[in-house]
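Comments concern the structure below.
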Amino acid sequence: MSRFSPLEWPVLRQIRSGDLLGRGPAVTSERTRATSPRTTTADRVVQSVCPYCAVGCGQRVYVKDEKVVQIEGDPDSPISRGRLCPKGAASEQLVNAPGRQTEVLYRAPRATEWQRLDLDTAVGMVADRVLEARRNGWQDADEQGRPLRRTMGFASLGGATLDNEENYLIKKLFTAAGAIQIENQARI
Amino acid sequence: MSLSEFDSYRPPEPPRRRRRNGPRRRGAGQGGGGDGSREMPMVPEPEFGSYYGRPVVKPAPWGHEVAAYLFLGGVAGGSALLALGGQLTGRGELRRNARLGSVTALGLGGAALVADLGRPERFLHMLRTFKPTSPMSMGTWILSAFGAGMGTAVAAEVDRMTGSRLPLGPLRPVLRAVEGPAGIEAAVFAGPLAAYTAALLSDTATPTWNAAREDLAFVFVSSASLASGGLAMVTTSVGQAGPARRLAVLGVAGELVATKLMERRMDPVAAEPLHHGQAGTMLAWSERLAVAGGLGTLLGGRHRGIAALSGLALLASSALTRFGVMEAGLHSAVDPRYTIEPQKARLAARRAAGITDDSITTVG
Amino acid sequence: MGQLAGPTDPTADAHWEHSHARKGFFTDTSICIGCKACEVACKEWNQNPQDGELELLESSYDNTGALGASTWRHVAFVEQDSERIEEARESGRKLVSLGMPRVGPPEARPQPAAEDTTPPDTPEFRWLMSSDVCKHCTHAGCLDVCPTGALFRTEHGTVVVQDDVCNGCGTCVAGCPFGVIERRTDGTAAPRTERDGQPGKPEVKNVGVAQKCTLCYDRMVDDQTPACAQTCPTTSIKYGEHEDMVETARHRVAEMHAQGRTEARLYGANELDGVGGTGSVFLLLDEPEVYGLPPDPRVPTADLPRMYQRAGLAAAGMLAAAALAFAGGRS
Amino acid sequence: MANADCIVIQGSNMAECHPVGYQWVTEAKARGARVIHVDPRFTRTSAVADKHVPIRAGSDIVLLGALINHVLTHDLWFEEYVRAYTNAATLVNEDYRDAEDLDGLFSGFDPETGQYDMSTWAYAENEDGAGGHDGKVDAPAGDPDDGAEAGAEAVEEAAGQQLGSGGAPMEHARMLHDETLQDPRTVFQILKRHYARYTPEMVQEVCGIAPEDFAYLVRSITENSGRERTTCFAYAVGWTQHSLGAQYIRTASILQLLLGNMGRPGGGIMALRGHASIQGSTDIPTLFNLLPGYLPMPVAGTHDTFEDYLAAIASKKQKGYWAEADAYTTSLLKAWWGDAATADNDWAYDYLPRLTGAHGTFQTLTSMLDDEVEGYFLLGQNPAVGSSNGRMQRMAMSHLKWLVVRDLNLIESATWWKDGPEIASGELRTEDIETEVFFLPAATHVEKSGTFTQTQRLLQWRHQAVAPPGECRSELQFFFELGQRIRERLADSADERDRPLLDLTWDYPVDAHGEPDPEAVLAEINGRHLTGPDAGRPLSSYTEMRADGSTSGGCWIYTGVYADGVNRAAARTPGQEQAAAAPDWGWAWPANRRILYNRASADPEGRPWSERKKYVWWDEEQDRWVGDDVPDFPLHLAPGTRPDPDAGGAAALAGDDPFIMQADGKGWLYAPKGVLDGPLPTHYEPQESPVANALYAQQRNPSRVLFARQDNLTAPSAGEPGADVYPYVFTTYRLTEHHTAGGMSRWLPYLSELQPEMFCEVSPELAAECGLEPYGWATIVSPRSAIEVRVLVTERMTPLVVRGHTVHQIGLPYHWGVGGNAVVSGDSANDLLGLTLEPNVQIQDSKVGSCHIRPGRRPRGPELLDLVAEYQQRAGATVETGNTRIDVPGTDRSADPDTDPTTDPMREH
């Protein structure tokens, strides 16, 4: 009913179409007649995999104007055949969650609140701290003189929602740095 | 509840938010607490199964505005008939006051109706279609037609009252010419205006309203009659208010009879809400006030003061009828018992009568 | 003019020139695992707001409660003991002995060599789960009572609200015999915790407008499966042409009865029922009211002609009374 | 799974935790398969199963052992399969003593270290090399995880720090056999004796399972096993998260091997894992004890030199592909250190840091509490809620100098310093906490490309859909950049210890947003030829890897995923357009095989066991293995082939050795090495139990890993004074509507509203006993903490009569945590749990614990600590309680020399 055209008045359409009870096409609005799913109006569709459990259900991610507008099961997947559990079905909200944190936050020692920090500074600070902790926790050899060449100064605990490639880089970098206390969800 | 020596350190128990779905009572459908609850209800478990006591049908999202509209629409309709009578029998004061009363009730009622919409700015969408299956749609068209006639008549009336000061120009003669026919036109829609609201309520899945579908219209037109008569008794001098008094008395009699008939014909379970709780109280008072107003009219109707008091009692009675019926219906929707029991009973009755092909539950 | 009751093709009844096959659901609750993926997928696709109270609803694992303006799929959870299970089995058997209609009895699909037709032992306990949804009735109360034409019958035989038309009069809410449609409020529960620096409640769309399942009309026009049926992990929710759904349902219930599971029954598969049959057919394992469904729903409009008749009579009576009032005396 | 005739779901709530995976069970059931759910609770899985068998949490081995016993004593085992494909006929060392002989201990236990010396468990060897009774020679060794279908299981994740996935290496030796299976020293007879007392009566007494239910289970399994039919087991963390979790899986493996259900369609043991890439994160592990591809991390003392390392991990003479571990190791080192890895420096082997024991997350935790760790990275992980003994976790974090949290939302592990439970109880004061906290927002799965490895070892590529918003970054980008910054800062360093960082190959192409190309990383993982005519070409199989430095490859088991430069993980031929095994969707390791050990789906002669269960078979005409899947066997190795007894590696495989990733090609009924807590699964009670062990004097797994500390007290078990203070058993689990610690679900309104509040599930009987009001509040107290929950009273919980008294179980979902940022929050069930680890894989014992439950909410502030302390005092719980290694019959369990609270309780490995 955005632009009212007298000839399109549903009452007249009721009479014209014979739908005197006004149940069908006579009462549709312009917008209704133009209905189309946002899966068809999306700019692109990308194949992905559900991030929750290890069944590995296929997902289709629909993108419009560089925003994810829909994530649903990928019927092509022989594993999931287009189906998703409630968590998988909520993936779009995971991406576009109202409460999602997209800024770096920093809590100084003894501080009672967060403060903003830009990403570049934060990464630099972390790099400094890694090197310092590595130095402080360094062990060259054990009591019997056997080589250890490691640091006990820092540790990491990863979730199992990380990509293989990410785990690979983490393991590679930390091992090269001599860190051994690298763990993940698999143990938890 | 004091269960632990640490009670004093406990945080205060926040009140649980009100259930969106009404009472927490559990039906016996879970096999007598098969839902895991051992909670003993305060009253014995009713003899019906339900889903955690949640409603099966939803109550209409209608507030007091709609009840008020039911009342005001009736007043407007009845007044239009009095106005026409006044017009035809030359009772000028009655005509004038009834017309003004009618249009006022109509205006207030319309406003109430719009206010109750989820999207009041879209009230004009009501005229988008003409849907015979929708009492609300029919009512809208009736209201519009009625409003057109009554509006015209009142415009003429007001022009007359202001000494022809309305800036009508050349239209004044036209207005005067159509005034009479307009009053008749409005009166044609007066009865439907008072009666359609009964169909509006009954044409729902709300158990009490639906069960009252045979006779609710009679209750409503009677209520409209006594209310409009009452209004005229308040506004109009006793000399001209004779027809109003008679209409009021007829309305009272009609209502008392129609109500009893209606309740007798209703499913007994679905009729229960008319007698319980707030609705029961309102309807009981409605009846008392109707009787009192009717008696007052009969016995002291020629006394201006008594007439006015009786008129007020009748108006109040009519309002209470509509608010009571509204409330009873809403209550019947919220408690699943009123949906499930009558349905089970009628299904069983049909089966007992050998009709077994029309159940929604089948095995093949 | 269209019909108000009885068997009919609702699409043709609504004067669609190019009607499609009627589409619908078959929800087989015997294989529902209660995962609620349908609820989430529905909300996600339709962008319905969160409407839970964020507290336990005291009904097993059901914290949604009922269908409503923002919940278009609702999974019911019912825990039952053996006594109740036997009652359900008995009531199912009764349906058979009543000679309930087998409208077009299903072609005797070769039973799997009916190894054992004695009823299985009644288990000590069961947990029913069932995903409820709008019934998309053949004779839809909501649609018929809608004054604005906001509700309409689609070319696929489903019933849909046009949220750009609806003015929120609320008549449809009372008009639905299944308690499905509801007017949306913005009353979503706020997060229970205080969130610092977080945006408040997201804006709720279509406030004040009646809302219910559209059977994903927007997906259907593009031949896509509704979100709930697509996501359902166990195919408890099946989607397709209504006729096929009813057929599948009949086969399934026959199969279960053959296994001695006489508690199984269909809901909505009978076009002679009070709403002319539903577009969403269910296989239930107990009486409908146990799941919160009406046992004998009847579309109110079926009685509307009679109501109009009575109202007309009443209006005439009022006119007569008025006439009498003026005729009856001099003063 | 859809092909199974009977599915036993035990230790998993499959329909709730893996709804989409459950579609295959639904399908099998629709085809007539019987589905049985064995679980402490009646769950949504039980609701759709044919039968629910309630079991006392922590007693699964008794049930499975009784099934084994029944199968053995009633001759229901699949004889031909067992004889051909398992080590049933092998003889065991005559010094071996079974748990039956030593009342719960095996021979070789050292109470000082809590470890077994496994030498007596070994097979009997024929000194003169003349072979066994029939002269048949075999070379058993290998993986402790007898070929569970899902491949690398929890067991492999850390099957002893030193072992890696190849299991204990063994010099090729001649083992004694008795093909008649009659010799009392055969594995078969040992097995028979070991489980002889695991009877239906014992099942009733220990598990609380009625004899008729047991009979039903036995009938269902045995009637649905054999040539024509197969039975499948499914498990999840319900089994692994026990102090003897790996043994649970082994018990099921033994049963499945006896019934011939391994390597066959519709058979096997299905591991159901809870995280998108938990399989991947053990394949390419961020685990202390492993390098990619299950190669072990070097250990000081045993792996000091490259030679030591290679000798220790795999023998050149053992059967199967593990014999080439040197090539895999060299390729890995070449991938990491490129040209700096040369033959002269042992391919930079010394760049690898060394272990000196367990350095798992829980050992790290105690180090943190001792102020030995300065910094901690949490990458999509929420230990404040998700890890056992949450209070210890949070207290440990407060000892850090700095903490980096990378996540999507402000999880409890990022905010404990302002709104954690210890702030509320007054144990910590925000103003006193020195820890610096960095919260770095992460990218979601659609904001980055990369692979997840799902539970059946399938790698699936995800394409990036959009760029991450704001300052969100992928881990890939963050770590790449961190590496660059670190290398920049060290660029001028002459320190030898910085060489590994400076020599690291760390030059990945980046896109416009600075995101490194994940495909380049995948290519590095896959590996490439470095020299020769093929230089630069991606490897197409791990068989192309060489130990001479001519190949590189970051994870040998993944080699082939990038064969011919094509990203096979991104293969997406729609399922409906290809065969049932769907080989053109993603890429499964190894070598794109979908069912491991599928050679076992054919009989020793290579014929399918039956037409109905046809999968992979030998085709005489083509002279190769064919079938519905990539044969998990050398393609042209004929069934009748008998290798040279002295050969090693793949060449040593016989034509009927289906378990090719095992060193001997056989399925293990008995593990002569490699399993740290015994060669045969044995029932012990959980760390905390209201019941005394009915089978042995030994109450608990003697080789479990203990953390005897004041902040990790154990409740007294049955028979110990104070056991009645914590009389109830609680078990933790997940709900469909949430995800682990909630970081990816409690922030989503759609999921939060479906399960908004923390609750417990109790039986009507327990509710009556304790006066619990339905849906009211209750407080649950364990020796670690007390939490408040809503009460769901339900008949889905069944009290079990065990050893004469009623055991009440309390179910607790563990998704909620205390914090101020989520849509819904609540007390965390993990706060109740103590830390005790399974010895093989060091997984927490988080499925069972002892507690008390009382009506009403818990106290606030310091009074909460008083409440917990009051219970501890009444129970007389001390650091010694429950931390006894050996329970000698008839002696007081409270005295034990092993647990000295003043020393580090970590056990040395």
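Each chain gets a letter, A, B, C and D, in the order it is written, and its residues are counted from 1.
By our rule, a residue touches a chain if its C-beta (ideal position, glycine included) is under 8 Å from a C-beta of that chain, and two chains touch if they have at least 3 such contacts.
The structure presented is a predicted model; accordingly, all values stated were derived computationally and were not measured.
> Quick one: most central chain, C-alpha centroids?
It is chain A that sits nearest the middle.
> Is the number of contacting C-beta pairs greater for C-D or for B-C?
Top pair by contacting C-beta pairs is B-C.
> Need the CA-centroid distance for the pair chain C / chain D, whole Å please.
Spacing between the chain centres: roughly 45 Å.
> Averaging only over C-alpha atoms, locate the centres of chain B and chain C and give their separation in whole Å.
29
> Could you give the separation in Å between the centres of chain B and chain D, each centre being the mean of its C-alpha atoms?
Chain centres of chain B and chain D, defined by C-alpha means, are spaced 68 Å apart.
> So, what's the distance in Å between the C-alpha centres of chain B and chain A?
Here the centre of chain B sits 53 Å away from the centre of chain A.
> Residues of chain B that touch two or more other chains: which are they?
Each of 34, 36, 125, 128-129, 131, 133, 137 in chain B touches at least two other chains.
> Could you say which residues in chain A touch two or more other chains, in rising order?
1, 10, 20-22, 26-27, 71, 75, 83-88, 90, 93, 98-99, 114
> Please output the residue numbers of chain C that touch at least 2 other chains, ranges allowed.
In chain C, residues 35-37, 39-40, 44, 53, 55, 58, 60, 79, 81, 144, 149-150, 165, 189, 191, 195-196, 198, 233 touch at least two other chains, as defined above.
> Applying the document's contact rule, which stretches of chain A touch chain C when the two form their complex?
Within the complex, chain A touches chain C at residues 1, 10, 17-29, 31-32, 35-40, 70-73, 75, 82-90, 92-93, 98-99, 114.
> For the complex, which residues does chain C have touching chain B?
4, 53, 55, 57-60, 62, 65-66, 68, 76, 78-81, 83-84, 87, 92, 95-96, 98-103, 105-106, 141, 144-150, 165-171, 173-184, 189, 207-210, 250, 253-254, 257, 264-270, 272-275, 278, 284, 286-297, 300-301, 303-304, 306-308, 310-319, 321-326, 328-331
> Where on chain A is chain D touching in the complex?
My answer: residues 44, 46-58, 61, 63, 66-68, 71, 75-81, 83-88, 90-91, 93-95, 97-114, 117-119, 122-133, 136-138, 140, 142, 144, 146-173, 175-188.
> Would you tell me which residues of chain B are touching chain A in their complex?
Residue list for chain B touching chain A: 125, 128-133, 137.
> In the complex formed with chain B, which residues of chain A make contact?
1, 9-11, 14, 20-22, 26-27
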